[in-house]
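In the two complexes that follow, chain A is the common piece, with chain B as its partner first and chain C second.
This part shows the complex of A and B:
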């Protein structure tokens, strides 16, 4: 009964999350609004576009009830720009994720949704509209690889160019970023410093290297546990001494 | 004040996110967090699971009503509703199973103090207590009873070694920042501090990330 999986999401769980992402569809048939647990779906009226969760969009696509509009970042021009950015502009880091709504509301028309405006609850992927037709080009969302693969597999005919071309670009992107991941793991900072930043990493890339990265970080921590304890002690003593000095100063 | 604020004043329902969507986000976040965190997280206090269970129950009733209807149009809606229901139930099931796995692994630890016990839901507490009692009885009848009385404890902490296994709270985790906040991380060589911006993904120790997650400044990924 208990779950026997190790901590951290597996690939199939990541794919499950990705299927909650909203995508834009162009319906080919009318479909009334359906009351779902996550809220009502918009009523579909061809040729008006509507945003639906990916799993539902795929179901409609399979039954030829709708076409999926590929997100702008999946266009070859956007992918080529991303590869350029990943290789030439900043060969060290991952390219930036789409700006969060709180940051980019006014200067990016694509993210005008005020989803994060509420103080009580902040939305994050897969509940941000980062794969709809309104998403900005040139930013890879958190679920980019799964989304791209799924769309290419099930909606290849909706792509603006032959799927093979997009696949080629995607492969380049995957390899560039995988090399960065390996370089990041090889860097000396891993585990020694307080934290490691990996902003821009995708869900699948994270799932792939999670076991290894966390294993290394935990391993370094265990090996260095005694060194860390003695460093902390020294710092504590140094801090005490400073405090003592302060006290004496006060006394004078 | 911009146009959106004016619209919101005129029409209170403008662009407000429905409760259902909030619940799905909360449930998904809870599931991902429970799957990634090294220790058991507190049971959601705001009645999330009561709402979720009620909704699932209502939806099942709706499906039963609709199955009698043979109209092909509602038929497709039925497929969609059932697919979503299964997805939703998978989330709930996986969340509960992940929790049970953690409770099973460190039962005595989660039963040891009131603070830890309060993380469990009523049902989980009943399960953990009974499970531990059964296990203890089994141990007693199979081998513990023949030990000297002083060695029969399962939660002995003499000699500075505690018999009760605890989860390793310093395990590294991946988090995503949800708000701009100061992040402090402890490392082997040095301790770091930085101004994190929302959307950043960091690797740090769970003991450092815990506060951020509890305040809602970060989520586990």
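This part shows the complex of A and C:
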């Protein structure tokens, strides 16, 4: 038998990938730029903020050489708004992921464009600056839960309010979204359009519910397999008949 | 379906009600009457693998099959009506430990559009319930969560899960548990 590992990434793997996300730090000491595989880090000059990968920021934080600026979406006001939006405004969908950075072009006023005209800039999730101080509030990025947990665990003193308050809001948000996932997978299996929109679901949430969701989808597929097979046969027969008609119409 | 799938093998042994369409000599022992031939019209419970084989094979010139089969008791009208009323209230395990496996095998033989719909709805509604219980189990104490018979209000429901649903419960529970372990572990590094 083959090695039976569950499909997809585990929680710790997802959290490891999350350490590549950029966060904003306020350095307390000077540090020259470091050449890393992903490029040079900015040189740290104490009063100026800089964006660093999370792992490096955590290292500097532990050595008390920098403070981490929490991303705006982790602010209690933003989290409360998200909970409100998830429960009251749009109880069916997950809240949207952050918008792609865009900017107006000088020769086409009034039209916003994706900001990656510049070939050197890449805007896919790990490189998208969605956890820096410049990230928009009110949108959850892909790695929201693991970023929030890590920051709360290691940089609790950098938070604008006591960490317990943020943690409580995060728990609420996690529960709301887990309930939504359960309800969604139930109704998706009921036939009809039979799909669940998962835009905006975070990496940890995916890791948590992957096995279950795949199990449900597989079960529904197996139950419907025989009906599906007979439907295909019917379609195939109908298709054959249509082809015959076409030949006759052409008068051959 | 794997050759080594124990659930598929056990499903093969489920009894299906059959009626013999032909007289078969020397098979009287199936009906506890070794001396006489097996008469046509005899009703017997045969295991699924044998019933399926006999129902699909045609014998003689007329192309008649040996037996005609009916839906087994777990898929009888009463059960289907109960599932239509409330999928969560039926203990599927009491009907058959391999309820869905049996159902899909029977659906291969019978064309029952309505039954497919009922089963799909049952599975989906119960899956949502299973996820809820799995999450609750993970949030509770580790000792309780480690075995399938989680105590409390959901015990009755969880006891009625068939094999597919038990696997589903396990998957949902493993996911929730891994999430909890990871969250506890974040603070340690």
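Please note the rule applied: the second predicted complex is superposed on the first by the 201 of 252 C-alpha atoms of A that agree within 3 Å, B and C clash if a C-alpha of one lies under 4 Å from a C-alpha of the other, contacts with A are read in each partner's own complex, and residues count from 1 in each chain.
Basically, a residue touches a chain if its C-beta (ideal position, glycine included) is under 8 Å from a C-beta of that chain, and two chains touch if they have at least 3 such contacts.
As the structure is a prediction and not an experimental result, all values here were calculated from the model.
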For this session: In the overlay, answer first, second, both or neither for which of chain B and chain C A:153 touches.
Result: second
For this session: Name the contact category of A:89: first (chain B only), second (chain C only), both, or neither.
Result: neither
Exercise. Should A:211 be classified as contacting the first partner (chain B), the second (chain C), both, or neither?
Worked result: second
Exercise. Should A:77 be classified as contacting the first partner (chain B), the second (chain C), both, or neither?
Worked result: neither
For this session: Give one of first, second, both or neither to describe whether A:161 is in contact with chain B, with chain C, with both, or with none.
Result: neither
Exercise. When the two structures are laid over each other on chain A, which of chain B and chain C touches more residues of chain A?
Worked result: B
Exercise. Who does A:227 touch here: chain B (first), chain C (second), both, or neither?
Worked result: both
For this session: Based on the superposed arrangement, let me know which partner A:12 touches: chain B (first), chain C (second), both, or neither?
Result: second
Exercise. With the two structures laid over each other on chain A, which partner does A:99 touch: chain B (first), chain C (second), both, or neither?
Worked result: first
Exercise. Touch check for A:238: first (chain B), second (chain C), both, or neither?
Worked result: neither
Exercise. Which residues of chain A are in contact with chain B in one complex and with chain C in the other?
Worked result: 1, 191, 210, 214, 220, 224-225, 227
Problem set entry | Residue ranges of chain A touching chain C (in the complex, touch as defined) | 1, 6, 10-12, 15, 149-150, 153, 178, 181-183, 185-191, 204, 207-212, 214-216, 219-220, 222-227, 230
Exercise. So in the complex, which bits of chain A are touching chain B?
Worked result: 1-5, 7-9, 13, 16-17, 19-20, 31-32, 34-39, 41, 55-56, 59, 63, 97, 99-100, 102-103, 113-115, 118, 121-124, 126-127, 142, 191-201, 203, 206, 210, 213-214, 217-218, 220-221, 224-225, 227-228, 231
Exercise. Of all residues in chain C, which touch chain A in the complex?
Worked result: 4, 100, 103-104, 107-108, 111, 113, 116-117, 119-121, 123-125, 127-128, 131-132, 134-135, 164, 167-168, 171-172, 174-176, 178-179, 181-183, 185-187
Seminar exercise, completed: In the complex, the residues of chain B that touch chain A are 4, 15, 17-18, 20-22, 24-26, 28-29, 32, 35-38, 55-56, 59, 62, 73, 76-77, 79-81, 83-85, 87-88, 90, 94, 97-98, 100-101, 104, 168, 170-174, 176, 178-179, 183-194, 197-205, 208, 216, 219, 221
